[in-house]
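First chain A sits with chain B, and in the next complex the same chain sits with chain C.
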Partner chain A sequence: MKTIAIDRLPDLAQALSKAGYRVVAPVDEGGVVRLREWTKGLALALDAVPVNSVKDVLFPRSEVVARFALEESGGFTPAPLERSAPKTVVLCARPCDAAALSALDAVFNWDYRDGSYNARRAATTVVSLACFKADEHCFCTSVNGAPDGTAGADALLRPADGGKKLVFEALSDKGRQLEAMVSDGQAVPDAPAALKRRFDSAAVGRWLASNFESPFWKEAALACLGCGACAYACPVCHCFDLQDESDKKECRRLRNWDSCGFGLFTLHASGHNPRPDQSARWRQRVTHKFSIYPQKFKTFACTGCGRCARLCQAGMAIAETCERIEALGR
Partner chain B sequence: MMKALREAAAKLLQEKRAVLVIGYADRKGRPAVFVSKPEDCGRLVYDSSCRQNLAAYLGKPELRARLPVAVVAPPAVLRSLVVLTAESQIPAGQVLALAVDHDAFLGVFDAAGAAELLRSKFPDLGPEKALLERVAELSKKSAAERAAFWAEEFAKCTRCYACRAACPGCYCSRCIVEKNAPQWVSTAALGHGNYTWNVMRAFHQSGRCTLCGACEAACPQGLPLMVLNAVLDREALAEFDARPGYDPEGKPVIGSWSAEDDHSYMR
Partner chain C sequence: MNDDLYKPFLMRIESARDEAPDVRTFRLKFADEGARAEFFGRYRVGQFGLYGVPGEGESTFCVASPPTRADYIECTFRKVGRVTQALQDLEVGQALTFRGPYGNHFPIDSWKGRDLLFIAGGIALPPMRSVIWNILDRRAEFGKVAVVYGARSVADLVYKQELAEWAARPDMTLVTTVDPGGQTPDWKGKVGFVPAVLKELSPAAKNCVAVLCGPPIMIKLTLPVLAGRGFAPQDIYTTLENRMKCGVGKCGRCNVGSVYVCKDGPVFTLDELSRLPAGDM
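Entry: the complex of A and B
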């Protein structure tokens, strides 16, 4: 059995760093826990679900996907693009983050194999930390997950001996490559967080597939103010916008995160907007996650991490919407 | 207090002076709740944990289609309602305020009444002590240190625009950050684009911001946006005697011009 004392996690981070990995880990930055590049001396913040997810490592919020040198004549020539895919370990990701990877893999390899995403995915090892507690926004057990779920992870750290130690369980070849950095030991694993299932996601999907025009949506989305906070924090949301930005010498094609919560997202050049109000946009968000995505990719586009509800000032909570939908379907 | 608020809201709905009451819900986090039936007014609540500025909903087309409305409004929200009136964003007589403060229900007011209430009962609303301390703390730093501080903070911005959505003053149907012919602000959630966006957002609020704190509360990344707002509030007050939210006919500093303004910077 491989074990590590929980207060020795920075040592493991340091060992990984020495072995040539970029280490990304949850760090408390002035009260906001964020997955960020770990550097020596930083403590790992394990008590809160970080505000961002592993998605940020694989699919950054803004990325240059093409460059063009501009000529005075008005012409242009494509310029070489350096792709950055450093060898990375995400240390103490959440099982709900790792679970998102199959949903992301599916879309980034669907009709087009996305080079940047796949290069980073291949270079990234995800070490999850099983959750020993859940808060009122967590609902992984409603979307086929578990507080100690292993889906998508290369290794799992399981709290043991009353939270004093962690048991390291390798789950893939990438995970096994890290085994040598953890010593042998003995520990009794703790029970993972107990989390009651809040809704039947399959039943929600069935209702969604045939209630596009339900008056439910008008009331359900009244509080939504139409920002992108939920989509950007979501470990699965992956919509992006392409923008060309240039100075006199060069044009850069940017891929920026985008959100179906924005009115601009579907606005046509003609002025027509097929999703004319926030209820249509909230319906899209919920329907995409629980009906369209499972039909297309056999997985929900939601892992129950609860980030969206945790940070929404307007109190929009997708689990609550799903509970109401399940009740409507009965 | 809660009883008086709920009764007043129910009465407005009964008398059809409002078809919808926008208030704070009696649940954790105190999110917005929309009540259209008098018998549902028991869902309304107000206490110090209410963080949203409900006047932000007046810019939402779905709610503008359901006028007249009444809005539960602590002093900063009352000021926002007056600012929106001064900026012609509220159809006359279509929005009423259910004024609240700490543990008191203060009554039902239209924009003129709200301004009068503010002038008599809350004549000097400004940044709270804790916010002034944050500003003072930052002011001790050198210009280079401050620039480094903001660069580090703005680097965290993901451009989700939760700050904009939470703010009643951000009601433009097409924000300048989304204009691309020409493109004024880089769309990349990085470096100078983030810097420009955050500073520009704050500048557009100068002399209009009511210091409600909703933008900062809404920021998932915890950016200290109120520090920017407080500094601009101070400058707009010192330079232009801007007291947003006290006069429903007052002209916003950023939207007006006077021959008496200081033009010495133009050379």
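Entry: the complex of A and C
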């Protein structure tokens, strides 16, 4: 059995760093826990779900996808593009973040394969930390997940001996490559966080597939401000915009995160907007996650991390919407 | 396939012509033979692309020329926003970026031996023009060919030279019409809305495929005319447009219900469309 004392996690981070990995871990930044590049001396913050997710590592918020040198005459020449895919370990990812990876892999690889995503995915090892507690926004057990779920993870750290130690379980070849950095030991694993299932996601999907025009949507979306925070924090949301940014000498074609909650998202040049109001946009968000995605990719586009609800300034919660939908379907 | 999804082809504008107010056609040449061969190895009629000006961005529209003319591609587009403005500001000899071909295509090989009826309104002729020329370039494989094309006014009709050419061809029928009030003193075509003109023509549905593209109101009023003539929903085709950024099924904005217009479309039969939520279009 491989074990590590929970207060020695920075030592593991340091060993990984020495072995040439970039280490990304949850760090407390003035009261906000964020997944970010770990550097020596930083403590790992394990008590709260980080505000951002592993998505940030694989699919950056803003990325140059094409580059052109601009000429004074008005012409241009394509410039080479450097692909950045540093060897990375995400240490103490949440199981709900790791579970999101299969959903991201699916969209970035159906038919057209996204090389920059795949390069980073191949270079990234995900070490999950099983959750020893859940908060009121967590609902992974409603979307086929679990506080100690292993889906998408290369290794799992399981709290043991009353939270004093962590048991390291390798789950893939990438995970096994880290085994040597953890000592042999003995510990008794703790029970993972208990989390009651809040809704039946399959039943929600069935209702969504045939209730596109339901009056439910008008009322369900009333509070939504259309700020897009939910999509930015979501470990699965991957919608993006492409925009050119240029100065006199160079144009960078950027892929930036976007959100189906924004009014401009689907606006046609003609002025027509297929989703003209917030209710149509909220319907798209919920339907995409619980009906369209499962139809296309055999997985929900939601892992129950609860980040969207934790951040929403208007009190919108997708789990609550799903509970109401399940009740409508009964 | 290249996994650098946003790397465009470089195209040079070989020629350009104005079609109607704010509507312009470019003939574009590939920068090298490898790129040309790569494109035409994949291109099927009905597919679309993203045309771009570095510094301004990319804009989505159809390839308006057929795969049977494999030296170049043509596109016809209206100036409506920042990118289309920048594209129209380009001059012959200048370069632009192009990604494609993307999406599905019109299954013209399955139409062999059948009669074909094309119905287009306004700026919706370009996506159909590639199909029409593709059919005409392989004329012997198909039955009768008829085109019904309407626009608000004579000035708004695109491809006027080609309309004259089609009108003169003995192996096809062309009916052009303009909305009441849109005619000029020397206008020889019909005056009236497309659905009414179509009704007057009373096309035979037997062994016929209808291809329909135009503004929503034209589609809405034309479909009952086709249904009244006995056209089955699986024999009526159209091509959809939605706002797109990636063109490759990732950026998430072009879906109608569970269908991604950029990958599952843009070509759909009426039968397929009827299963999509109308409220998402």
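Quick notes on this structure:
The rule is short, and it goes like this: the second predicted complex is superposed on the first by the 330 of 330 C-alpha atoms of A that agree within 3 Å, B and C clash if a C-alpha of one lies under 4 Å from a C-alpha of the other, contacts with A are read in each partner's own complex, and residues count from 1 in each chain.
We take it that contacts are C-beta pairs under 8 Å (C-beta built on N, C-alpha and C of every residue); 3 or more make two chains touch, one makes a residue touch a chain.
Please read all numbers here as calculations on a predicted model, not as lab measurements.
After alignment on the shared chain A, the placement of chain B and chain C results in a side-by-side fit free of clashes. When the two structures are aligned on the shared chain, A:Gln177 is found in touch with neither chain B nor chain C. Contacts of A:Arg253 after superposition: chain C is touched, whereas chain B is not reached. In the superposition on chain A, A:Ser291 makes contact with chain C only, while chain B stays out of contact range. Once the two complexes are laid over each other on the shared chain, residue contacts for A:Gly30 go to chain B alone; chain C is not touched. When the shared chain is aligned, chain C comes close enough to touch A:Phe240, but chain B does not. Contact with chain C, but none with chain B, is seen for A:Pro274 once the two complexes are overlaid on the shared chain. When the shared chain is aligned, chain C comes close enough to touch A:Pro78, but chain B does not.
Of the two partner chains, chain B is the only one touched by A:Arg61; chain C is not. Nearest C-alpha atoms belonging to chain B and chain C sit 6 Å apart in the superposition, given in whole angstrom. In the superposition on chain A, the residues of chain A contacted by chain B and by chain C overlap at 241, 243. In the complex of the two chains, the chain A residues touching chain C come out as 65-66, 68, 70, 74-76, 78, 81, 107-108, 110-116, 118, 212-213, 238-244, 246, 251, 253, 255, 258, 260, 265-270, 274-275, 280, 284, 287-288, 291-292, 295-296. The touching residues of chain B, counted against chain A in their complex, run 25, 27-34, 51-52, 56-57, 60-63, 156, 158-162, 164-166, 178, 180, 183, 186-190, 214, 217-218, 220-222.
Of all the residues in chain A, the ones that touch chain B in their complex are 29-32, 34, 51-52, 61-62, 136, 218-219, 221-223, 225-229, 231-233, 241, 243, 245, 254, 256-257, 259, 262, 264, 277-279, 311-316.
Chain C contributes residues 1-8, 10, 52, 54-59, 80-81, 84, 94-95, 97, 241-243, 245-246, 248-253, 255-258, 263, 277, 279-281 to its touches with chain A in the complex.
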